[in-house]
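Please see the structure below; I have some questions.
First chain written, first letter: the chains are A, B, C and D, and each begins at residue 1.
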Amino acid sequence: MNETTSEPGTPTIRFRTNRMEAFSDGVLAIAITLLVLEIAVPTAASANLLQAVIDAWPSYLAYFVSFATIGAVWLWHTVITEFLDHADSVFLRLNLLLLLVVAFLPFPTKLVADSLRSTDNERVAVTMYGVNLLLASVLLSLLWRYAAAKRLIHPDASDEDVVLLSQRITPGLGGYVVLIVIGLFAPTVAVFGYLALAAFITLPGRARRPSRAGGGGKPTS
Amino acid sequence: MNETTSEPGTPTIRFRTNRMEAFSDGVLAIAITLLVLEIAVPTAASANLLQAVIDAWPSYLAYFVSFATIGAVWLWHTVITEFLDHADSVFLRLNLLLLLVVAFLPFPTKLVADSLRSTDNERVAVTMYGVNLLLASVLLSLLWRYAAAKRLIHPDASDEDVVLLSQRITPGLGGYVVLIVIGLFAPTVAVFGYLALAAFITLPGRARRPSRAGGGGKPTS
Amino acid sequence: MNETTSEPGTPTIRFRTNRMEAFSDGVLAIAITLLVLEIAVPTAASANLLQAVIDAWPSYLAYFVSFATIGAVWLWHTVITEFLDHADSVFLRLNLLLLLVVAFLPFPTKLVADSLRSTDNERVAVTMYGVNLLLASVLLSLLWRYAAAKRLIHPDASDEDVVLLSQRITPGLGGYVVLIVIGLFAPTVAVFGYLALAAFITLPGRARRPSRAGGGGKPTS
Amino acid sequence: MNETTSEPGTPTIRFRTNRMEAFSDGVLAIAITLLVLEIAVPTAASANLLQAVIDAWPSYLAYFVSFATIGAVWLWHTVITEFLDHADSVFLRLNLLLLLVVAFLPFPTKLVADSLRSTDNERVAVTMYGVNLLLASVLLSLLWRYAAAKRLIHPDASDEDVVLLSQRITPGLGGYVVLIVIGLFAPTVAVFGYLALAAFITLPGRARRPSRAGGGGKPTS
């Protein structure tokens, strides 16, 4: 199981993936949980709390969209690391870039939640939001393609699985570009589009993981 | 120990459980720790800090109830993953839904803490809070039933243990429904009820875990 | 290494310690990192930022004391889990209580930071703070004693090590009681005392861990 | 692989590194993710959201610099723990000191973001920021040197790798000292310098890790 390509003397550094996974899980878990802090609590002094809570619907919508998106990023990230045998220093830097983009998401989320109520600035906020989502999608795709190109992938993974995953990791990109354009004209529609996109494009339905869950498993993770 | 049902060629993806556990631990740990941020600090300018601190009792009560509830969710989640052999993509999505609901809890917690002092809006806040707790309980139950139905459970687990856990994971649901109704008439009573419910219905007292702690253990976690 | 006391048929649940460790690490890491949010940033409008930054010294002091204390809790918690073979459901509940107390600490920390500048309310804030620290110390001690009494400890651990650790885990308690009393008369002195206490009473200097680091190791963690 | 220097009877405590890694990953992940909370969201009431978002550039700059720096600290920390066989209590304390300094970073980050707009107080804020970065770099270097001096390093690591890493972990220090001095005269230039420094000095390009990724791996992590 472990007779991987660890030629001694290779000049590049090979990292175990466990700390990269733990750090990524941490950042994604925190970003996804911080989102709730952005929902402004109606002041108790308000005459009608029920009305105030209902009026805050853009905050809930933004919460759900960002939660679904970060959740989808986490799922794809998990799929990638299931295939990963080890990491190199470029992969770790690309991963940090992805985390930078995802950790930034609470900021445009808040902008969207605020602006959906005051229709004036919707377009700016929703476009920023869409660009942020697009960047996350691009970096996730880059991460996978780099791992495939540099053979960081577990040797047990079949070539067809790798090809299949490479195909399936792409469609989100087109969707985000289309929705960014739609958002210039109909921002609220675009926000619901981002929700649908995150819900639909989450997991490859057909690709198979290298058979490690039941069998051997990486010793270091 | 590991000759699980990993028929090669199976079209569904089998995930190791370790990243799902790490991500869930992260989200639950952050949600439970963020609760303290919702306790408004009395301004130092207040003439009598002791009085101000005592007057903030609804904040402490809400803190304890939410902490106990998220703690109970974590305990049950740990019981489920102790039985789990592997996850599939539907399980991971159900788990994300559960995390979405739990990560949302600080928001109604804050509403309850604020409204218990201004008796006017108590009913709305406490009902929202109860529905959130009920949803968490429903999703936890769904997670377990899905795992049992799809045979994601470790093959060493005895059938009686699975049946026993299925029975014990239910009662919380009835309690939450009853308390939501009580909360419509006596909100403060319901909040104490939620505290008692979280304290009592935490762990199955009789179910036995598959004997992994002392023996083999999952290789991948 | 693994022929532990796992009599099949035992009615109590035996938990692997890895999720308890991960969840505790998460809560402690978040509590320790949230502390910085309590330091109020001087407004950029202030005529003299340097003076404003210097005037905020009670915030830095409170930050250091709480950081050192949570760090000490983490160190002791790590020592305990190094000895731990498995957990039971009571241990997990005691652990949740400890986490509840530690996760609450940012609140009195903020009170202390605010009140040290306005000398009026110092006594109330520092006493609350001290009681919180004392409770954390008591629960940490309880956790260890429960583990020792219920034989949750790794069978490789020598009896003398267990006795030694039981002796060394106590002194913090007396120190906190003394400092709480001192704090009633000289609050600022007590805060420096808490800093010294956290710095000194951190790790047992002589107790030996069961030899797992170099040798076998728990397979599941 | 595991016949390490675990002489039984050694009086110092040997810790497995997994909890230290998990706790450090947690603190670094939280600190890096909290940074986004420091970006003030322009109020929706502002006439021109686009202008307001553009005017907030110092916040984004400070976000990127601090993210890159904490990312670099995490990368170096991972390199160190890849070489680490076990920890002792002094190493854990040094590590806590490093975490204290890194967890403090969001505070001067906020100061820098605020002051870059009001040119008056730039110098104070940027100097505080630089000293914080320098301290992190010094502690990271100390951590490695202590591990090398006390032979906490995995016995498989070659001496040349250890020497090489000792050389490469130093240059950041000089850079920070120079930039602190530059910051006294040209604060904004220094901030861009910190960004460049974090981007460049991240990973040793030549040092080789002990061959564990493909081969054995530590059993306990």
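The working rule: a residue touches a chain if its C-beta (ideal position, glycine included) is under 8 Å from a C-beta of that chain, and two chains touch if they have at least 3 such contacts.
Just so it is clear, the model here is predicted, and its values are computed rather than measured.
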item	value
Of all other chains, the one whose Cα centre sits farthest from subunit A	C
Same-residue or different-residue interface between subunit B and subunit C, half as cut-off	different
C-alpha-based rotation, subunit A on subunit D, 0 to 180 degrees, nearest 5	90
Subunit C-subunit D separation of Cα centroids, rounded to whole Å	24
Centre-to-centre distance between subunit C and subunit A (centres being mean Cα positions), rounded to whole Å	34
Contacts with 2+ other chains: residues of subunit B	22, 26, 29-30, 34, 37, 219
Subunit D-touching residues of subunit A, taken from the complex the two chains share	2-6, 8-11, 13-16, 18-20, 22-23, 26-27, 29-31, 34, 37, 85-86, 89, 92-93, 96, 99-100, 103-107, 110-111, 114-115, 117-118, 120-121, 124-125, 128, 219-220
In the complex with subunit C, residue positions of subunit B that touch it	21-22, 25-26, 28-30, 32-37, 39, 41-46, 48-50, 53, 63-64, 67, 71, 74-75, 78-79, 81-82, 202-209, 211-219, 221
